[in-house]
Amino acid sequence: MPQLVFLTVFFAALLALGGCSSEPEPGPEPQKTYRHSMDGTPTGLDPAHASNVYAGFLVVNLFDTLYRYRYLARPYEITENLAAGPPVVSADGLTYTITLKQGVRFQHDPAFDQGVGREVSAEDLVYSLKRHFDPEVRSRGSWLWRDRIQGMAEWQAQGSDYDQPVTGLRALDRYTVEVRLTRPFPQFVYTLTTAHSALVPREVVEARGREFGTAPVGSGPFRLISMDTTRAELERNPEYRREKIDLAAEGFDPLRHAGLGLESVDGREMPLVDRAVVDFVVDGASGWVSFTAGNEIQYVRLPPDLFDQALASRSPPRLKPDLEQQYHLHVTPEFGVTQIVFNLDDPGIGYQPDPEANLRNRDLRCALRKAFDWDQRNQVFYGGIAQIYPGVIPPAVPEFDPDADRSSVTHDPEGARQILQRLGSAENLPVLEYTYNSGVAQQRGFEQFRGQMSAVGYPDDKITRRVFATFPDVSRAASNRELQIWVYGWTMDYPDAENVLALFYGPNRAPGNNVTNYANPEYDRLFEQAAAMQPSPERTAIYRQLNQMLIDDCVSIAGVTRVRAYLTHRDVIGVPDRELVGGYFLRFVDVVETP
Amino acid sequence: MMWQRWWERVRQDPVTLAALVLIMLFFGVACGSWLGLIGGGWSDTSSLLRGGFSAEHWFGTNAIGQDIFQRAVFGTGVAFQVGVSVALGATLLGAVFGSLAGYFHQRAGDGLIGWLMGVIESIPFYLLVAALAFAMQGHNLAMYLAMTLAFWTTTARLVRAETIRLRQMPFVEAARTLGVGQSAILSRHILPNTSHLLLIQFTITFVGAVKAEVVLSFLGLGIQDGVSWGLMIAESTSDLLAGHFSNFLVASISLFLLVMALNLLADAMQDALDPRFSHPADPGPAEPSPAEPSHGT
Amino acid sequence: MNTSGLVRHGLLQAVALVLGVTFLGFLLMVYFAPDLSYQLAGKNPTAEQIQQIRQQLGYDQPLPVRYLQYLQELATFDFGYSDSSGERVTALLARTLPVSAALLLPGFILGHILAMGLGAVAAYGRGRWTDRLIAVVSGTGMSISFIVVMIAFQLVFASSYGLNWFPARGWQWATPAQYLSHVAVPTLTILFVSSGYNTRFYRAVFVEQIGQDYVKAARAFGYSRTRTFFRVILPNSLLPVLTRVLYSVPAILVGGSLLLESYFGIPGVGKSTFDAITSGDQPVLKAVIALSSLALAVVMLSVDRLYRVVDPRLRG
């Protein structure tokens, strides 16, 4: 049987070739490595382009910002990072004076004089903020400061020459910056925690040109070794300023953080690990496989699909005993709000010149909201642990009203049916068009929406869909006011409800972020009034009033804040947070021998 | 005569017979789904999430409580819809362009069509489909159009070669001397004689389209309206980790059985109708299968 | 036609092909691509800002102008910087192409060797049980979806739910051991799926050869079966085999393996290209289209050449 011999030899050879590879060799690994994962990819490492959470995570580790959020304090609290102290604000709220820490140096780079990183100075902040208003840079963060800094618009109009001064943005001396605003903007200090505000060295940016985003140089606790479409590798910045962790100041609570071993990092110098590897794993199942493999990523989001498998209980969330022995569970609400929004520019469901028709459309929107079943949504998509609340002010901000009337988020099919009947026969109802981007979950979202609407008598054939290939396509169509009904998520930029209420401010209408094109002069007036106010009970009252206007006008079906469950291996000492603390978490994380 | 020979062979070959029966069975299910007799409740949700086998849900339910059996049935309809329409379109295009190119062999038309085929074949398949899907803004027909566009060239190449051969046959020469017009020669004398090729290619393209749909749906570029086996596989990756295999198995086994049966049928047709075909005189630059290149484009 | 005429004809064809591919690719992937300006404008843009970016990206130019500009870039092979990451496009290709090649080549080579062996066994045992067994196996391989194999193999070989022999995902190739462990599961997947098609192909090639008179003659002269295979059959099968192999090269080089790369998180050119298509990153797409058409033209020309070298009938 020569054939048989032939075959046997063949398979033996194949096995020999394939099988010799099972033992992953340790190799010359440097000392202490933490392996993080993210469920998306960064938009770029240039602070001016760091517009998603993934980019932000890396940018705040490679660069320095003036302020950051305390590691463990919740609700979120701001604290100094590169700034030496809180800003000094003038009585009219228009002038901010900020002092920088001394002796902070950029990472070494050939573009510096003799290749040695020079000291970070006030001029660097001035340069870094100016960059956002240079059209050549294509900043994605300029909206944070647009029309807010005196003289910036003029500077831009005169051709964005960096050697020309901006009246409202000056370095008073080597370590002091003065910012003058065009109008009060109490949230200004928050914008200085964002990745967009990070400080970049002018000479390196100019030497690299467009490639700065792939080879960034900053003064953050880490520096970049490599990055591609699937992962980024960072290593400790040996030049990083010697700062020690003050656990109490970071908001450590022995009760809330019991059993995590955090005490061991107190008083030690940041960052604690030598190397941080961040894998970009978009697919939840794939991430889970990698996480449970044991020697790969040490942090993963627990997909809601696996809650039944992994959780012993949901409130309070607890892991099953066998998993508990291997992993820590961290449950954090997302810092933002997700809603199903209506485009009020759409004549079918939005504004009508005729007051009566206008009211009919508002009633129709309210009927859709009553027909919508948040609990079912929560069960199917968010594992039943999401926060659902009336309007757009989420529980994570101080202005949230825990005692608000919940009728706008209560499933009321009977009420919906009554309104629809009052509006007349089914033929008179407009065709609804629900838009989503292609994907299994998104399609399920539509099917559920349609099911709930048809359950209250909305004709099935009048609930149509429009599918775009990707999410950016949906955003683009929203910017062009082409959509009717879709899911709109907003990640908040700072812990102040102003950030979400601005989504309904008239002058922000699309292509700005007021995608519903809500136009209510009374709302705009109150919003402007509140925007200039410092935090106070009076301001909170106005915020809640604004929220109630949105509910009364049925602008959207709102809202939900997803609560995400994350797991870390037990050898990781840290409390990861994807939200405002975000990348600032990395300097506090430690990896120990498995306890 | 050719068909009789084929039927004789099929009758004697139990494997092909079984394949044929299986295809008819799937086709019956697809018809049932089109007529709305079965599988109509594919999108209805129930409170039973990831349920196991039961009398009510034969193959259990998925993560949002939809009946897997009904979804598989609906997916069968979609598979046939995709397979038949793409195969029909690609075979038609291939027949027309292939016979034209062959008839005008070594003239400008041949060169032009050859160039067009070369151009289309040199863009990697999935990139072509993805680009088209985006260019058409996620339109429902984008996938059908893209697959048809990508698949017709293989058929055209075969038809072209056959036409070149037929053109020199005495009966074509005779027709020409009798003054029969070019279009009549093509449509009455040449194309009918390529019908066996077209049928085989139809089957092979059918297989290619069904398999490609799975990949495209997995990438989010496939079926937009409804459910398909590809979407079932795409949504099953998290089920697998939860130890719930039924979604994955039902979809991939259905896919496997249909594709296997069609492949067997194509083989049997090839053996019976076109024995020359199995000779690789000129394998050409085309991929072995239009849809799933051997090395995963 | 004399030799120089043939060469000129071949060159002409190659140029026509490059022009055709670049135009079709440009039209589909660049001209009709998603408009990136909305994404680049950030969270709360003004209409002017979007207009400005559209201008910078050249969306406001008419099609012929943009295509001509592209041809100019093609001539200098300078496509600028990625609109998404700011990376130089040539650097991006230099980084991703080797990864894709390293990912696919082991499966490609092993797949062909395996298929050649199986095809030879089947061809020699035509109609016997070995042939039937191999037919069943290759038929099965041809009928299983690539995705199903990929998902199943990851679960079986590279997860804690199965054997957990290899990394579940990712890519490292600093050391040979790292490389082997990361390439193992993708290679097995490729082998499983490609062997069916390739085995059939090789079987058909060898069956035809075995029937040839010179093969029979060699056997009659007392050549052993193995010797006939390696000395007579294999050299004479070179033409179809080389054609098949060569025409696969551009697809491997440029197309990469989108599915493997995205599922296993491997930074190859397939994933980069797909990302560029979904986001509308024009410079990257332009470069990829250019590269794939050039690779194909080179293959076409060399196949032409090879035919003449390998097949004496075409010489002269």
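Order of writing sets the chain letters: A, B and C. Residues in each chain are counted from 1.
The criterion applied here is as follows: a residue touches a chain if its C-beta (ideal position, glycine included) is under 8 Å from a C-beta of that chain, and two chains touch if they have at least 3 such contacts.
Everything numeric in this text was worked out from a predicted model, so none of it was measured.
Seen from the Cα centre of chain B, the chain whose own Cα centre is farthest off is A.
The interface with the greater number of C-beta contacts, when A-B is set against A-C, is A-C.
Work out the mean CA point of chain B and of chain C, and you get 22 Å between them.
The mean-CA centres of chain A and chain B are about 44 angstrom from one another, to the nearest whole unit.
The distance from the centre of chain A to the centre of chain C, each centre being the mean of the chain's C-alpha atoms, comes to 38 Å.
In chain B, the residues that reach two or more other chains under the touch definition are 134, 237, 240-241. For chain C, residues that reach two or more other chains under the stated contact definition are 34, 155, 161, 278. Shown for chain A are the residues that touch two or more other chains, namely 283, 286, 289, 469-470, 473. On the chain C side of its complex with chain A, the touching residues are 34-35, 38-47, 49-50, 52-53, 56, 81, 84-88, 91, 95-96, 110, 114, 117-118, 120-121, 124-125, 130, 154-155, 158-161, 164-171, 174-175, 177-178, 180-181, 183-184, 187-188, 191, 225, 263, 265-267, 271-272, 275, 278-279. By the touch criterion stated above, chain A contacts chain B in their complex at residues 283-286, 288-289, 303, 305-306, 308-309, 380, 437-440, 443-444, 447-448, 451, 465, 467-470, 473. Across the complex, chain B is touched by residues 13, 16-17, 20-21, 24-25, 28-29, 32-34, 104, 107-108, 111, 139-140, 142-148, 151, 155, 161, 189-190, 193-194, 197-198, 200-201, 204-205, 207-208, 240, 243-244, 247-248, 250-252, 254-255, 257-260, 262, 270, 273-274, 277-278, 280, 288-289, 292-293, 296, 300 of chain C. Residue ranges of chain B in contact with chain A, taken from their complex: 43-45, 49-50, 63-64, 133-134, 137-138, 220-221, 224-225, 231, 234-235, 237-243. Interface residues of chain B facing chain C in the complex, by the touch rule stated above, are 115-116, 118-120, 122-128, 130-132, 134-135, 211, 214-215, 218-219, 230, 233, 237, 240-241, 248, 252, 255-256, 259-260, 263-264, 267, 278-280, 282-285, 288-289, 292-297.
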